[in-house]
Every structure is written in structure tokens, then in C-alpha cells.
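These are the structures, in C-alpha cells.
You will see two complexes here that share subunit A, one where it goes with subunit B and one where it goes with subunit C.
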Partner chain A sequence: MAHTIALAGNPNSGKTSLFNELTGSTQYVGNWPGVTVEKKEGHLKHDKRYLIVDLPGIYSLSPYTLEEVVTRDYLLDGRPDLIIDVVDSTNLERNLYLTTQLIETGIPVVIALNMMDITEKRGDVIDVLALSHSLGCPVVPTSAVTRDGLKELVRVALQMIEKAQSVAKTATFSKPVEYALGKIGAFLEGSVPPETLRWYAIKLFERDGKVLARLNLGETRLQEIETIILQVESETDDASEGLVTNDRYEYLSAITMRTHRQAKKKGNLSASDRIDRVVTNRWLALPLFFLLMWGIYYIAIQSVGDLFIGWIEWLFVDLIGANVALGLSMIGTSPWLTGLVVDGIIAGVGSVLTFVPQMMILFFFLSLMEDCGYMARVAFIMDRIFRKFGLSGKSFIPMLIGTGCSVPAIMASRTIENQRDRRMTVMLTPFIPCGAKLPVFALLVGAFFPNSAWIASSMYLVGIIAVILSGIVLKKTKAFAGDPAPFVMELPAYHMPRMKGVFIHMWERGKQFIKKAGTIIAVASAAIWILQSTSWSFQLVETQQSILASLGRLIAPLFVPLGFGTWEVAVATITGLLAKETIVATFGIVLGLGNVAEGDPNLLASIGTFFTPVSAYAFMVFTLFAAPCAAAIGATRREMQSARWTWAAILFQTGIAYAAALLVYQIGSLIF
Partner chain B sequence: MANIIVGIIVFGSLGLIIRSMVSSKHKGKTGCHSGCGTCPFACEKKTESR
Partner chain C sequence: MPLTFVKVGESASIKMVLGKDETRRFLGSLGFTAGESVTVVSENGGNLILSIRDSRIALDRSMAQRIQV
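Entry: the complex of A and B
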């Protein structure tokens, strides 16, 4: 029978890194709190008998956040055989607060004293044996990054599972609290498993609504418990929950005083603090962030990334496309079928894959920024700005994730407890340019703005401005009015990026992009080519008489005020709903793009008929804001849990896209 | 003959791609084609054992 080991701990304490090391997985490791919302599972490397469960990071077992509820429900109902409590050794006392609560669940606990490499570098000393003795459970110093202590952790964990018994010491509280817990515990005997008795008693003393509902005690019993709590509260002049918290910290403070010796600081500020003085400075923070984003987009799209485009084009156009066409004609395949394969599937897929290097370079730098701790600062900076406009900084975490893909970003919004803020975040998150939109921007920048490095990066700025402006407008409506939810975020110390993780992240992104091109883009390319080659009576016709052209002409007039009112571009806006990269595939097939290297005169010649520089920028803005791809719309539907709200989001996003593109084109045409 | 063989290969491959996409969706494996390895939230229903 498989044994289950749960990984629990504070946010950003390194649980997912440890999970990856123990299971051999490559789960996403984010350097900001709240990366894991749902629990994730994987078997222990080299021993499938042990299932490791990565739980969301939490500060306590109180039921205030979704992460706390997920973790708590799992521990109480799933009853794992062991908890590995991942403790950030650089912040010992606060992390041990959760440890005391985990011990109370009666499940055997092993403490992984993580990030010991950083603690030692700081010169701090933790008496591991004394700490283990004080808490009554094994403590293993580890570093998930350097892999130190991991073997020992596994050995101790498996040993603990064999013992199958919790020997840990529970926290002791002040006399009045202990008296109350004793009395409440007596009421609970027989109705809860004995090993969880103390945990339930504490939760009842804290008036935990979810536990009260779970235990379903009778009215009389509840009254008796309430009388006990009121008695202690009047005696101590404090609320029961506050009493438990204070006593817990006093208990922990005594332990850390005995076991933890902090190094004397050389100055008042650590290196991280000194960097933060500049990076999070009121005036410098934002310009610095946009400067960095400009640099990243410049390198990814216009310098290094662009170098590779020629090779990939050679691969698809000259090598694969030309040889497949030659081979098919040699074996006597009809021109129609050859056209479908070469001008449809290969051209469509090739035009998207051309941008793989640019995308990988972008993700390499975004990963670097996240891993070193900078992106967490960006969320902090944005919180300061968002709050002024009535938005919560919590909304910015999904938006940071949205630079990769809008689907997980929309799902990340579920950590926002306030329903109004959550709905608004779901609606606004797709405004941040995701990876799939990058090929569209790169294509148009290459054609019309080869020497303007700020055009591509301006999409990021335009996206954030749109989020803020939309937030201000939406907050004034009845559906979204109200104070923003509080946002507590611990800033991780800066550290050198872990290159292995950065490369894994970059590779995974690139791999999925290629996979997507080989699946959904290939099918869409074939469909687009068939629609642009056949008439409604299924006869082979010229493109202008095709089904695609007639459909495009129906909607094209809508886009005339935006500057891209041709049926070819109109069709691309619709196919983009399937996946944003399909826009590029559509251009590749319908406009017959050949060389898409930046500044290439052929590219400008083929695409220049359909756009001017101003209308190209308007199209980029439209693509940025318009309803996201089908998968993101599906995620919106799941998170909104309402068809009405999903439609509201789609209409809002498309309305903003239309209005913004209209403004860009009309004002731009007047100026340029 | 060449048309039949190439047609079977092309449309067969496209059919298999669609089938695998539909089956992945039904399994709840991935909804966004962006991959679970780099995603903190997607594929939440999946219980993985790698």
C-alpha cells in the first residue's frame, strides 16, 4: 500500500523546489508566494510506494484563504502518513508558527529546515538538535537548491512512516487557555479521533466557523462551549483567537531564544535591502521596470531573437516546403493537395514556429527576473499603484503569470477572496501580453518598425495602463465597487538565479509552443487553407471568391474605422480566437508571407498592402485587448462560474480593444 | 493513387491530432496547450505520478 507524505509550509519556503527534487518533477517554481493553489502529487523518485503531495503555502491553519482551506481539508480528510514541514530557516520563528499547528493535527511531522545555505551565509546559527528536542520531532537541515540534506530528509521521513506515530510536543498555552481547552476537549471525546482532539479543541476555542459546522455539535453543547470561551475572554480581557496566537508566539519565542543565534549585522541594511532602496523607490521603481521590459523585448524580438529567424525560415521555406512540394509533384499529387500541405500546413506552422527563438529568449529573461526575486518586487510596486486606483495588488500576481499564458493567470485569480475583485482580475488579466501574442507583435514590428525598439515593449506598458484605467472605471460601477482586498506579501531575498530552473522554464515554454504549432495550429492552418481555396459550392476557386473571403467581407467593414478593414485581416482577428498564434498562421497562408525577417523588404511588400504603420500598431493594440483565445475564455467561464459574467468579460475586452484601436488609428492618422 | 495515399496521410494525421486534443481535454490534462510543467495552476485535476 502506498504511503502519503504531505509537503506543508509557509509560502515561498521552497516546497515546490523540494517537491521537484524528491519526485523528479519539473513543476513550476515561482519566486513569489501563492504559486501552488491546488495540491500537486508525484511519487518519490526511485520508490513508487511513497506519494508526495505538494500543498499550497500557508501561514496558519485558519480558514481565511483558499490555500488554507485546501491544506487543512487535505490534512484532516486525507490524513497523510507524514507531514514534511518545510521551514524557511531564514525566518525561523514565523515559520514555526505553522509547525505548532501541524503538530496539533496528530500527524507525524518531520521538519525540513530549508534554505540553510542562506542562513549559514548570513552567519546565523541554529542548534538543530535543541530545536528537534524542543519540538519533539526530527529536524533535518536542507537546501532544495544545493540538494544538501535531501537524502537524510528522505531517510528520516521513511523511518517516521515506519513508526507511524506522532511523538511531537504540542504548544503549551497560558493557564486559562489550557483550562478551557481541557474542558472543550472533554466534550469532544469520542466524537473526533483522539490524536486530533487538541486541534479540534483549539479550533472550537477560536470559534472557527468551519470546524463548528463540521462537528455539528448540538445547540446545548455549543452553548456550553461558548460559556467557557466567554469566561476566559472576560478573565483575560482578550479575544479567544488572539489569546491563542499570543500564547503560541510566546511559546515559540522561548524555543527560538534557546536554539537560534542570529549573526550581528554589519550595517543596518542587508544587501537585499540596499537593492530594494533603488528598485522599489517611489520614483525610480516604475521607470526601472519599464526600462528592463524594454531591454528584454529589445533583446528577444529585435536583436538576438531576430538572428535565428532566417535559419528557421530556411528550414521551413527552402528545405521542407520546397522539397515536399517537389516530392509531391514528382509522385503525381494534385496541385490542390500539394497546396494544402505546402502552402497551408507547412506555411501556417512554419510562420508560427519562426518565432520560437524570440519566445524562448523572452521567457529566459522573464524567468531570470522572477527567480532572482525581482518580479516579487514588481508586484509590490504595482500594489502601491493599484491601491491608489482602488485595485488590490493581489490582482497583479495573476497578471505577472499572464506574461506566460492567460489560462493559468485567470486560474490564479481564485486566490482573491473578494468576489468583485476576483471577477475584475479575470476580466483584466488578458490585457497583459501573453506569449502567444508575441509572434503577432514580432511580425508587425519586423515589417513596420524595424528600428523602433520601444514598439514591442510598449505593449506591456499599454496593457498595464489599460488595466489601471479599466480598474478605475469598473470600480465606479455597482458591480465592482468596494475597498480593495488587503495584500500581504513577503519579499524574498535577492539571490543568484538558479540557471537549471531558468532553462527548464524556458525549454518547457518553447516545447509547448512547438507542440501547439504541431497540433492546433496545424489543424487551423489546414482549415484556413481549405476555406480560402474553395467556394460555397465546394469548387476550387481563387482566394478572392473563397468561403473565407466571403466570410471576411461580412465582418471587414467593422474594422474600417480601425484602419485594417480588409477581409484578410478581419479573418485573422476571428481565427485568433482559436489561439493567438493562429493570426500569424492566417497571415502566413492568406497573405502568402515568405521571409518574415525583421526589416526584410519582401515582408513589407506582402504585408504593407494591408496595413500602414499606424494601422499595424492599431492592430497590435486590438490583438492585445480583444477577447482571448478559446482556452482562456474557457478558463474565464470556470472561474466566473457564470455564463453571463463570461459574456460580460468577452464583450468588455472586445469593446476596449475596439475603442483603443480606434483611438490609436484615428489620432495616429492625424499625427503621422 | 498518389492523391489517395497522400490524402490518407494528411487527413489521417489531422484526424489523429484532433482526436488527441479532444481526448486530452476530456482527461482534463491541459486546456491551454501551454503545458503543465511551466504552469502553477493548470491541469489541477491531474494527479501526477512521474
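Entry: the complex of A and C
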């Protein structure tokens, strides 16, 4: 029979790294609390009989956050055969707080005393044997990074599964609390499995609503329990839950006092703290951050990233495109099909993949910032500003990632605990210009504002203003009313980035974009190409008579008030819903220029017939805000977990797009 | 006095955490219990970075004001 091992531990204790090492998978590890919200599963390397489940990082088994509920329900209902409790040895007492609660569930526990390499480097000493003795469960020193102790951990874990019995010692509390637990425990006997009795008794003493609902004890029993709790509370002058927390920490202090010797005196500033003195300093924090971001964008977009664009265009147009065309004509393929494959699909996908290097460089630096621990500080610095218009500092990180691609950005909003804040972030993140919108801006700026580089940059400003104003306005609505959740966040200690992790992370984010190119964009490019070359009676026709043109004419009147009411632009707007990067390609196709890049001189010249400078700017604003691409809408659906909220987001975004473009065009026309 | 009165670099001992909501419980599980010593590492517009029980916790101003030292 298969056995299940659950990995549990504090956020950022190295659980996911350990999971990757044990299962041989490459889940992305973030130096950012709360990276794992869902549980992930994998088989133990070299022994498929053991299933390992990576649970979200939590500080406690209370029922207050999504992660805690996921973990708790899994432990209680899934009853894994063993818990490997990953304990960050550099932060022993706080991590053991969860350990004592895991032990109470009655499931056998093995402690992986992780990050021992750092503890040793600091000169701290932990008496592993004494610790194991005090807690009554095996303790194995490990380091997921150097892989020390992993074999031993697996050996001990499998041995424990054989025994199939918890031998660990539960925490002892102060006398009044123990008295109450004894009484409550007596009530519960027979109604819960004996090994979980203490856990349930403690939860009832803490007035845990979810457990109360689960047990269904009946009115009289609940009354009796409440009387016991009130008696203890009046005796000690403290709330029951606070009593348990305090007693637990007292119990642990006694243990760590015996087993843990620290080289550094408590209260002294560590190297990490000294970095924080500078980096999060009231005056220096923002200038430092903006300088860093400017440098990153300069490298990713301007200098190095720009270099790659020409290469990829050459690869797809001159190398792959030309040779496939040659090959297809040699085997006698009809020109129509050759056109579809070469001008439609290959050129379409190629035009998207040109941004991949820029995006990868951007994501590389963002991953680097995250892995070394700086990203968590950015959330802290930005909280002060974001809070003023109703968002938490944690909303800033998705928006930063959104300058690359909205899909991983929307996914990054998962770390925001408060549902209201999370929904708002998912809704507003696409307002930040992503990499795919840049070529659209480049095309129109090139055609209408060739000497004003600031026009393209102004899109970032417009996007940020829209986020701020939307934040303020949405907070006034019923669905979003109330202050953003209080900002409480553990900051990881700074450390040298681990390149393996940085690259995995960069790839995880960039992958989303490449996947999109291979699927949605390939299909969309083919569809647009077919629609623009055939009529309703499926005859090959000139673009003017095509299905695409007639569809465009149908919806074009909608865009007349915005200044771009021609069918060609209407078509580009629709294809923009699939992916913003197809807008440029659509212009190329409907103008009969084939699939061209945004810098093409013919395209720049012909596009002049569709817009005036004012309507061009209105079109840019519309593109910036309108419902993002199909992939981002899909991500929105996943994070919102509600069709209604997804539609609300799409309508809100498109509504803002229409209103903003209307304002720009109507007011702009009056002035210029 | 509230924790916001403590200067950067100084330590204080927690007397109590005011309030009765989720965040207070969350602070409790992070180790903010009566008698524990806490050091202010950095301050930014009222938001604080604290050192407590070997970890660094960032708090916004309104939360910091609820911690009495």
C-alpha cells in the first residue's frame, strides 16, 4: 500500500526546496512568504510507493488564513502516515511553535532541522539529541541547499512509517489551562479518535469556530465547555486563546534554553539588519528602488534586450519562414496553404517570440531581487504609499511583474491573503503596460510622434494613474469597502541568490508567455489569416471583401466617438483581445503588407490614414486598459475562482478603456 | 506606550497586544507575546521592521500602535 508523507512548516523554511530534492521535481521556490498556497504532490525519488505532499507554509494551525485551513483540513481528513516538519534552524523557537501543534494532531512527526549550513556559519550550536529527547520525535539536521542530511531524513522517515505510531510529547500548559483541557477532554471521549483528543480539546478551549461546527456537540455540552473556559479566563484575566499562545511559547523557551546556544547576543543587529537600516531607510528607500528599477529596465528593454529582437526576427522571417516556404513549394503545396503557414502562423508566432529575450532578462532580475530577499522589502516600502489609495504594499509586486507580462503578474497576486485586496489587485494589474503592449505603442509613436520619446513613457504614467484612481473609486463600492488588510509580513534574511532557483523562477514566469505564443497566438494568427483572405462563401478574395472586413464594419461604429471608427482598426481591437501583440500583425495583414514588425517603413506610412495624432493616442489608451489578452483573462479566472468576478473584471477594464479613450479623443480634439 | 514611540535601534519588552481580531492572533503565533523583547530595526513612514525571536517582521503603523511596550 502507498504511504503518504506530508511536508509542513513555516513559510520560507525551505519546504519547497526540500520537496524538490526529495521528489526530483522543479517546483518554483520563492524567497517570499506564501509561495505555496495549494498543496503539491510528488513521489519520493527512487521509491514510488511513497507520496509526498507539500503543504502551504503556515505559522500556526489556527483557522484564520487560507493556507492554514488548507493544511489543517488535509491533516485532519487526509490523515497522512507521517509529517515531516521542516524547521528553520536559524529561527528555532518560532518554528517549533508550529511543531508543537503538529504533534498534537497525533500524526507521527519527524523534524527536518533545515538550513543547518547557515546556523553553523553563524556559529550557533543546537543540541540535536537533547532537542529530539525534549520533543519526543526524531530530529534530523538537513540543508536542502547543500543536500546534507537528506538521505538520513528519508531513512528516519521510512522507519517512522513502519512504526506507524506517534511517540512525540505534547506541549504542557500552565495549571489552569491543563485543568480546563482535562475537563473538555473528558467530554470528548468517544466522539473523536483518541490520538486527536488533545488537539480537539485545545481547539475547543480556544473557541475555534470551525472545529466547533465540525464536532456538532449539542447545546448543553457547548454551554458546559463555555462555563469552563470563562472560569479559567476570569481566574487568569486573559483570553483563552492568548493563554494557550503564551503557554506554548513558555514551554518552547524552556526547551530552546537547554538546547540552543547562540553566538550572537539577542538584540544585536545582524548583517541583514544593517542592510535594512540603509535599504528601507525613510529617505533612501525610494530613490534606491527607482535607481535599481531604472537600471533593470535599461538592461532588459533598451540595451541588451533590444539586441536580441533583431536576431529573433531574422530567425523567424529569413531563416525559418523563407525555408519553410521554399520547402512547401517544392513539395507542391498550394500557395494558399503556404501563405497560411508562413505569413499566418510562423510570422505571427515569431512576432510574439521577439519579446521573449526582453521578458526573460526582466524576469531574471526580478527573480534575483526576490531570491536575495529584497522583493519583500519592496512590498514594505511601497505599503506606505499604496495604503493611501486603498491597496496594500503586497499589491505592488504583481504590478512590478506586470511590466513584463500580466499572466505571471496575476498569478503572483496569490500571496495577498486578504480576498478583497487580492481581487482588486487582479483587476488592476493589467493596467500596467506589459511587454506585449509596447510594440503597439512603438508603432503609433513611430508614425505620429516620431520626435517625442516621452509619449511612449507616458503610457506607464497613465497606467499608474489609472491604478490609483481605480483603487480610490473601487474602495467606495460595497464589494471593496474597508481598509486594506493590516500589513504584517515576515522578511527573510538577505542571502546570496542561488542561481538554480533564480533560473527556475525566471523560466516559470517566462514560460507563461512562450506557452501563449505556441497556443493562442498560433491559432489566432491562423484564424486571422483565413478570415482576411476568404469571403463568407469561402472564396479566396481581397482583404476588402473578406469575412474579417465585414465583421470589422459591423462593430466599427462603436469606435467612431473614440476617433478610430474604420473597420481595419476595429478588427485590430478585436484581435487585441486575444493578444495585444497581434495588433501590429493585424495592421500589417489588413493593409496587405503581410506580417511586419512595428518599425517597418511601409507600415508606418500606411497607418497614417487611420489615425490623427489625437486618435492615435486615444487608441493607445484604449489598448492599455481594454480587457487584457486571452491568457491573462484565463489567469484572472483561475485567481478569482468565480465566473462572475472574472466578467466584472473584464467589463470594468473595457469600460475604463472606452471612457478613457473617449475623454482623450473628445478633449484632445478640442485642444489640438 | 505604543511601539511606534520606540526609536530605531532600541529594544523594548512587550506588555500586551491590544485588540481581539485575527491580526492579533496572527501576531501571537509570530511570537508577539507578553514579556518578549522586540527591537526596532528600521522605520519608514511609520511602518516598522522589527526583530523578534530571531526573525524580522514588517508591520504597518496601525498595527505597531496596538503593541504596547
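Simple rule for what comes next: the second predicted complex is superposed on the first by the 477 of 672 C-alpha atoms of A that agree within 3 Å, B and C clash if a C-alpha of one lies under 4 Å from a C-alpha of the other, contacts with A are read in each partner's own complex, and residues count from 1 in each chain.
Convention: contacts are C-beta pairs under 8 Å (C-beta built on N, C-alpha and C of every residue); 3 or more make two chains touch, one makes a residue touch a chain.
In this text the structure is predicted, and so the values were computed from the model without any measurement.
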Contacts of A:251 with subunit B and subunit C, given as first, second, both or neither: neither
Contacts of A:242 with subunit B and subunit C, given as first, second, both or neither: second
First (subunit B), second (subunit C), both or neither touched by A:622: neither
Which superposed partner A:59 touches (first subunit B, second subunit C, both, neither): second
Touching partner for A:404 - first (subunit B), second (subunit C), both, neither: first
First (subunit B), second (subunit C), both or neither touched by A:200: neither
Contacts of A:340 with subunit B and subunit C, given as first, second, both or neither: first
Which of subunit B and subunit C A:90 touches, first, second, both or neither: second
Subunit B residues touching subunit A - in the complex, by the definition given at the top: 1-3, 6-7, 10, 14, 17-18, 20-21, 31-35, 37-42, 44, 47-50
Residues of subunit A touching subunit C in the complex: 59-60, 62, 64-65, 90-94, 97, 239, 241-242, 245-246, 249, 266-267, 269, 272-273, 276-277, 280-282, 285, 376-377, 379-381, 383-384, 387, 485-493
Residues of subunit A touching subunit B in the complex: 23-28, 30, 35-38, 40-43, 48, 51, 328, 331-334, 337, 340-341, 345, 401, 404-408, 411-412, 435, 504-505, 508-509, 511-512, 515-516, 518-520, 522-523, 526, 579, 629, 631-632, 634-635
In the complex with subunit A, residue positions of subunit C that touch it: 8-9, 11, 20, 22-23, 25-31, 33-34, 36-37, 39, 41-47, 49, 51, 53-60, 62-63
